[in-house]
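The structure's right below; bear with me while I get my questions together.
All chains are identified by letter, namely A, B, C, D, E and F, in their written order; residue positions are counted from 1 within each chain.
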Amino acid sequence: MSYLPKSPWLVHYDASSCNGCDIEVLACLTPLYDVERFGVLNIGNPKHADIFVVTGSVNEQNKSVIQNIYNQMAEPKVVVAIGACATSGGIFRECYNVQGGVDKVIPVDVYVPGCAARPEAIIDGVVQALGVLEEKYKKMGKVAK
Amino acid sequence: MNTVLFLIVYPVIVALLLLILPQLAIRKFIVVASTAILTAASIYLTATYFNTGAVFFEFGTEALNVGIFAIELVLAATIIIISIKHKQFLAALLMLIGAAMTIWFEQTYGEEIHVANNLFVDNLSLIMTLIIGIVGSLIALFSLGYMEEYHHHHHDMKNRTPFFFFIVYVFLGAMYGVVFANNLMWLLFCWEITTFCSFFLIGYSRDEIATKNAFQALKMNLFGGLGFSAAIILLFMNAHTVELNQLSGLASAVVLLPAALLAFAGITKSAQMPFCSWLLGAMVAPTPVSALLHSSTMVKAGVYLIIRLSPIFAFVQGGATVGLFVAMVGAVTFVLTSFMAISQTDAKRVLAYSTIANLGLIVVCAGIGTYELVWAAIMLVIFHAIAKSLLFLSVGTVEHNLGDRVIESMDGLIVKMPKVAVGMVIGIAGMFLAPFGMLISKWAALEGLVAANPILTVFVAFGSAATLFFWTKWLGKLIMIKEKPADFHPHVPGSQSFTLTCLAIMTVGVCLLFPLISKYSLEPFIASIYGHAYMLDQSNVAILLIMMALVLVLPLRLLSYENLNYKPQYLAGTNLSEKEKFYGSLGLTRDLSMRSFYLASIFGEDKLFKLGVVSSIILILIMIGVGM
Amino acid sequence: MSGMNSWIAVVLYIVLAPIIGGLIAGVDRKISARMQGRFGPPLLQPFYDVFKLMSKENIVVNKHQKFYVLCFLIFVIITGCIFFSGGDLLLAIFALTLGSVFLIIAAYSTYSPYAYIGAEREMLQMMAYEPMVILTIVGMYMVTKSFNVVDIFTYNQPLIYTLPGIFLGFLFILTIKFRKSPFDISMSHHAHQEIVRGVITEFSGKELAYVEIAHWYENVFLLGMVFLFFATNWAIGAAFAVVTYLLEIFIDNNNSRLKWQFALGSAWIVALILGVGNIAVLALK
Amino acid sequence: MAEVQTFQPVTASEIVDAAKNMLNEGYRLIQLCCTKTPSEMDIIYTFEKTDLQSQNFKLPVNIGDTLPSISSVFFAAFLYENEIHDLYGVNFTDMAVDFKGTFYETSVKQAFSITVAEDKE
Amino acid sequence: MAFNVIGKTVMKSLFGKPATAMYPVIKNEFYPNTRGNIQVDMEKCIYCGICGRRCPAGAIEVSKPDKKWEIDRTRCIVCNFCVQVCPKNCLSTERHYTSPMTDKSNRISTFFGQTVQEDA
Amino acid sequence: MGERTIIPFGPQHPVLPEPLHLDLILEDEKVVGAVPSIGFVHRGLEKLVEKRDFHEMMYVIERVCGICSFIHGQGYVQTIEGIFDLEIPDRAKFLRTIWAELSRVHSHLLWLGLMADAYGFESLFMHCWRVREKILDIFEETTGGRVIFSVCKVGGVWKDIDNETLKKIVEVLNVVEQESKDLTNVFIKDFTVQKRTRGVGVLTYQEAIDVGAVGPTLRGSGVAMDLRKLGYAAYGELDFEPIVEKDGDCYARTLVRAREIYQSIDLIRQCVSKIPDGEIDVKVKGFPKGEYVSRLEQPRGQVVYYARANGTKYLERFRVRTPTFANIPALLKMLPGCDLADVPLLALTIDPCISCTER
C-alpha cells in the first residue's frame, strides 16, 4: 500500500473550457463537497501534483501548455479529463480551433462526461483516478526493481 | 625588536626598488619574494612575542625625529601643491593647518618631548601584524596579475603600475608603523602617510571622478588628522606625555578630550558616519586597493585606535559617556549603512557599505569597551579583514571576466566561474552566517552589549536583519544554476587564483581555529588590561565546530546523487523546448531574467544618508563636548 | 540540565518533534476546515502527505537544490537540538537563520521566477522578524542574566510578568514564522498565491517532504519559545503554547494576505514599540 | 421592444474622422464586428453614449485590405482590430498594440475569411 | 475599519455542523428537473433520426436499417434538446449523471430495437 | 543577466483559474510592464452558426461561458427575436429576468470568493462559495442544471417555475441575503481587506469611460451605466437604480458587486410579486432575415450581440462582444505601477472571464 491514494494533489488547467466545468472543479473544494476530506488539495503546481485535472478541449495555443504541465509532473501521475469538451471536444468539436479532447495530446486515464460535469461526477472521477494512481505506483516500483 | 624595525623598513625599501625597477619580471620576482618574506616575518614576530605580553622598545634618536619631521613637511608641501593645482583649496587649507600645528608644536615643545618607548608590540599589534603581513602582502601579490589585466581593460589609461606598487608597499610599511608605534607623534606620522597613500591610489586612474573622490578622501582624513594633532598637543600640554600606553593611567580631566579627539580621528579613518562618503568614493580605485586600504588594513587603523582607547572608556571616570557616544556613532553607522547596502546594485558599493557597517559595529564594541566587547571587536577585525579582502578580490576578478561588477551580472556565477564563485560564497557566508567568523563575533558583541547597554542591541538587531537581506540575495545570485553561455571563457591569472584560494582557506581556517586564537592571543591580551578575560562557553564552541564540520562535509552529498530526473523550471506552462526560455506575449521568445529586490523606496541612499549625517554629526559634537 | 539529560532531550526532540509537529499541522488543517464550514481532512493527513511525497519520483531542476534542502532540514533540527538541550538561545537562532538561508538559496538555485520571488520575499520576512527575535532574546537575558535555555527555563518567575511587551511582539512575528495570514507572503499552505508556491515551487517529492518535516521541527521549536515565557509551570506553559497556536489558526482564517511592505513595516514597528519599549523599561529598572 | 437600428455606411478614409466625431459627441467604442458572407464583407463599428444611446457604422472591406486603426482615438480598439486581423485577414495600420498575428494563434489561419457556402462552391 | 470581521462566522462554523454534504458517503438527492443520462425507450422509437440531426453536439446516431440508436456519452452536453424534439417522446433524461470511465470505449451506449439480437 | 525580473504569469496559474497570460516585467515587486496574451481558450464557436441551425445555436452560445451562461442564452434568443421582431409572453420575460438576476447573484458571490482567494483569505472564499451553492440548488431545481440551464429558447423559455417554487426561492434568498450580509461586511469593513483593496488599481471616471470599461468596473468609477435600464425582458417594469461607487479602486468595485447582490435579490422579489400567469412561449415560424445588435447587462457588464441572418435556417454571422473583452484595456491601464501581489487582484477586479472573451 502506498500513501498516494490518501493524499492526491491536483493541478487544474482550464484548457479551453467554458468555465462551466471549471467552476464545478472549484466547487468540489468548497464546503458543500469539500474534497479535502480525501486529502485532495488543489496545489496548482504541476511539480507537486499527482492528478492533472483538465477541463476544456485542446486548441492550437494551449496544446503545448497541456504538454508542458503534464511533463513537469512527477511519476506516478494520472490525468482526469473533465467535461464533454475535455473528453471529446463536446459541442465545440467541430470548431475550427478545437482539436478535440485532451487525449489528443496527452494520455488520459479517467474520463468524466457531462456538460458541465457535476461535482459528484468529478469526485467519482477523482476516486477512480486514485485506483489508477495506485496501479501506476506499483508498476513504477517494478521498473525500479 | 629587529623584526619590528624590519617590518616597517623592508616594505619601504621594496617600494623604492619597485619604483626604480619597472620591469615586469623583476617586479614579479620582488613581489612574490616580499610576500613570502613579509608573511614569514610577521609570523616570526608573532611567534616571538605572542605570550610575552606587551613589550616596549625604546628605540629612537633625535635624528630620526628630525627626519620624520622633515619628511612630514615635504609631504605636506607636496600635497598642498597638488591640491592647489587641482583647485582643491580646502584640502590645501586643511593640510596647511595640519602642518602649521605640527610645526608650531615642534617649535614650542620640541625640546620638552621625551618619549620613553617609541615602539611596542602586544597581542593586538601582533594580530594587526598578521593581517598586514599576510592579507596585505597577498593582496599585493594579487595586484600583480590584476594590474596587468586592469590596464588591458583600460588601455586609454596611462600605465603607472610601478608607482602603484610603490605606494602599496609604502603603505604596508606605514601600516606597520601605525600598529607598532607607541609614540603618538610617530603614530600620527604613519597615519598621515596612509592617508596620502590612499589619496594617491584612489586617484590612480586620474580621471575626473577618481580625482574628485581622492580629494574627498584626503579632505576627510586630513580633517580627522587635525583632530589627532589637536589631541597630541592637548595631551602634551596637560599631561606631558605623547605615549599611547600612558593614556589609560591619566586623570579623567586630562585625558577625556584627547581621547574624544582621537576617537574622532578614528571615526574619520574608519569612515564612520558622517565621513563614510569618502570610502564609497574610494571604490573607483583598482579593486586590490579597495581590498587592501579600504577594507582590511587602513580603515582598520581607525578602529585599532579606538580599540586602544577602550580602556579609557571603560576605566577613566567620565570615559564611559564619551565611549557611549563613540559607540552611538558606530551604531548609527552600522544600522544605516546596512540599510543602504540593500539598495546597491554595484558589488563594490555593497562591499563598501558592508565594510563601513562592520567598522561601525567594531566602533560600537570598542566604544563601550568592556572586556567582552573588546574581544568581539578584535575578532571582528580579524574575520572581517580576511573575508572582506577575499570578497573584494573576487569581485575584481569577476569584473575583469564579466565586464562589470553589477551584482545582477553575477547570476549563475557558480556555473560560469565555479572556483571564484565558491570563494565568493565562502566570503559571503563568512560575513554573516553561522558558524562563520563574523557571526561568532557578532554573537559575542550581542552578548556583551546586552550586559553593558541593552539599548545598543536594538541597533545591532535591526542592522543585522538588513545585513542578512543583502548578503543572502547576493549569495542567491551567485549560486543560481543556469545554462553556461557557450562563448564564455573566464581567465584568472595564477597570482590571483593563488591569493583567492589562500584567502578562502584562511576564512574557513580562522573559523576553525578561532578558539585557539581566542585562548592564546586574545584572552591573555584582554586579561592584561581588564584583569579577567572573556571565555567562550566550551559547549557552544563545540556546537559551532560541529556546525562548521557539517557545512564542510555536507557538500560531499552533492557527489552522490543519482537517478535524478531533470525537469525545467515551472513557467506556468509556457516552457519552450529550449532551456530557460519561455513563450511570451506578442509571440516573443523570452529569456528568463531575474533581478533582486533593492527596495530603493525604503532603503534608498538619499534619505538615509542625510539622516545618518545629521544624527552622527550631533553625536560627534556631543562626544567632543562631553570630553571637554 | 546536566549532560545526560540534555542528550535525552535531544533524542526526544529528534524523535518526537516531527510527530508532534505533524499532529499540530493535522489539527491545524482540521480546525481551519471547520472554520471554513468544511468537514476537513483526516487528522493524520499531514503524515499521509509526507509519506506520499516520499514515494514520488525524484524530479529536480538541478541537483544542488536537493543538497540545500537537506541542509535546511539538518540545521532546523540542530536549532531544536540546541534549544531543547538547554543551550544558548542566540546560537539556536543563528542555526535557524542558517537553515532558512539554505532554504532560500535552494529556491534561488533553481533559477525559477516564482521560486525566485518567493526567495526574495522570504528574505524580506526574515528581515522583518529578525529584530524582534533578537530583542526577545535580549529581553530574556536582561531578566534571567543568561542566554542559556536551561537558565531561562529554571528562572524563578514566569518571564511573561517582566516581558509582556516582548511576548506580544514575539506573538506578532510568530504569525510570520508560522506562515499564516496575513503574513504568508513567501509561501503559504494553500497554493492560491500569485507566486504559485513561492520558495517551494520547484521542489517536489522528497525535498518537499523534507521542507514539510523541517517546518514541523521548526514549529515545535517556536512553540518551545512560547513555552519559555511561562516556563515555571509545565502545565500552564504547555497550555499557553496550545492557546497561542489556536490563536494563530484563528488569525490565519480571519485575515487576508498583506503585502511585504506591511509585513516589514509592521513587524519593525512592533519590534520598536513593544520590544524596545519593554527593554527600555527593564533597563531603567 | 426592438429598437430601430441603423447602420450608417462609412469608407476606410473616413473612419478615423468619424471616430473622432463620435468621441467629441461623447460616444465611446463598444465594438468592432467583422462579418463575411459569400457576397460581402464589412466591419461594423458600434458606439454608445453613457445614456445608452448607440450608433452603428458599417464599413465595407475585402480580405487583405489595409485600414487605418482607430486605436489612437479609442485605445480599446486595438483588441478588436487585432482580432479582426487574425480571423479575417484585414490589416490595420498603427495599432496601439500590434500582436502581429499572435492574438489568436489558430490552427486554421484567418478562419472566418472562408465561409461554408464558399467552401461548397 | 475593523479587525476579524469574519470572526463570528468563522467561530459559528467551527462549533456548528459543517456544510459538507459528505458525498459519496451519503448519496446526493437530485431534483425532479435534474438533467442527466439520456435514456431511450426503444419500444417507442421510430428511428426517425430527428434527435440525431438536431442534437447540437452530434452525440446521437440513429440507423434505421439496423434499428440502432446510439449515443456517445462523452459528446452529449446534457442539453435535453433531443428529449424536447423527439416526436414520439421516447427519450428521457435520468436524474443521474453519466458515471466517469477509465476506458474510453465505454463512452458509446448502443441500443437496438427488438428485431435485432441484443448481443453487443 | 537580471536587468528586470520577467515573470510568465499564466496561462496555468493557481491564482487565476482562467488561462490568461501576462508577461510581467518587474522591478523589485513593482510591475513596470505588462503585456497580455490570450487565445488559450479561443474555440471559434461563432463560426458554428454555419453548421448549427438557429435553434441549436442557443446551446452553443450558452456555452460561451459557464458562469454567465444563462444571460448568453437570453441574449442570443433576444437577438434572434429582435430580427424576427417577435414579442414573447410576459411570464417568459419575468422568468428570464429571475434567472438572469439569480445568475448575477451567483456570479457575484463566485467573484467575491475568488477575490478573497486572490488575497489569501481562504475562509472568506469558502464561505462565499458555501452561500453560492444555495443559488445553484435553485438553478438545479428549476432548470435541471447547476451551471448550464438550457432553458431559453427562441420565443420564450422551456420550463416554467410554479408559484410555489417562486415563493420558496424568495425564502432561500432571504437566507442568502442574511448570510451574504455577514460576508460582504468583511469585504467592506475588514482592515486587512481594505489594506489590500483600497487605492489599488484606481481608474478615474474619465479613464473608465475612455478605455471603454463596462459593468461594475465602470460603475465602480462613478459612471451610472447599466444596460438593464434599456428595459429589455421585464426590467422595464421593475424599479431599480444602477449601483455606483466613486473611488474607482478595487475596493469600490468590490462594493459595487456586493451591493448588486442585494439589488438583484430585490429585483427577484419584485419579479415574484409582479409575475403574471400565462404562456411561457410562442411558436416561431420561418427563418430569420436581417441584422440586429442587442445589448444586455451581464454580471460583468455590457454584452453586445450581433446577428445577421439571410432567411435560411443558418445564420450568416453571430457575434458576441463580451464584457471582459471590453475591460481588458482597463486592466492594462491599471497594471503598470502596481505590486506583483496586486496583479491577481487587478486581474480579478475586472472579473475576467477569458472563455467569454475569446469564445
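Here, contacts are C-beta pairs under 8 Å (C-beta built on N, C-alpha and C of every residue); 3 or more make two chains touch, one makes a residue touch a chain.
Predicted model only: the values in this text are computed from it and were never measured.
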Subject >> Steps needed, at fewest, to go from chain C to chain E via touching chains >> reply: 1
**OP:** Please state which pair of chains has more C-beta contact pairs than any other pair.
**Re:** B-C
Original post:
Of all the other chains, whose mean CA position lies farthest from chain B?
Top reply: E
Original post:
Hey, how far is the Cα centre of chain B from the one of chain E, in Å?
Top reply: 78
Subject >> Distance between chain centroids, defined by C-alpha means - chain B, chain D (Å) >> reply: 69
Subject >> Centre-of-Cα separation between chain F and chain B, whole angstrom >> reply: 65
Subject >> Rounded Å distance, chain A centre to chain E centre (Cα mean) >> reply: 20
Original post:
Using the touch rule from the top of the page, what residues of chain F touch 2 or more other chains?
Top reply: 5-6, 8-9, 11-15, 26, 29, 35, 37, 39, 42, 44, 47, 51, 59-60, 63, 123-124, 126-127, 130, 133, 145, 148, 190, 192, 358
**OP:** Scan chain E for residues touching two or more other chains and write them down.
**Re:** 3-6, 10, 13, 18-20, 22, 56-57, 77-79
**OP:** Find every residue in chain B that makes contact with two or more other chains and list them.
**Re:** 411, 477, 565, 567-568, 570-574, 585-587, 592, 594, 596-597
**OP:** Could you list each pair of chains that touch one another?
**Re:** A-B, A-C, A-D, A-E, A-F, B-C, B-D, B-F, C-E, C-F, D-F, E-F
Original post:
So in the complex, which bits of chain D are touching chain A?
Top reply: 104-108, 111
**OP:** Within their complex, state which residues of chain B touch chain D.
**Re:** 585-587
Subject >> Residue ranges of chain F in contact with chain A within the complex >> reply: 11-15, 17-19, 39-45, 47-48, 51, 59-60, 63-67, 69, 110, 113, 125-127, 129-130, 133, 136, 145-148, 353-356, 358
Original post:
Of all residues in chain B, which touch chain A in the complex?
Top reply: 565, 567-568, 570-571, 573-575, 583
**OP:** Write out the stretch or stretches of chain B touching chain C in their complex.
**Re:** 411-412, 433-435, 439, 443, 446-447, 450-451, 454-455, 457-458, 460-462, 464-466, 468-469, 472-473, 475-477, 479-482, 537, 539-540, 543-544, 546-547, 550-551, 554-555, 557-558, 561, 563-572, 580, 592, 594, 596-597, 602
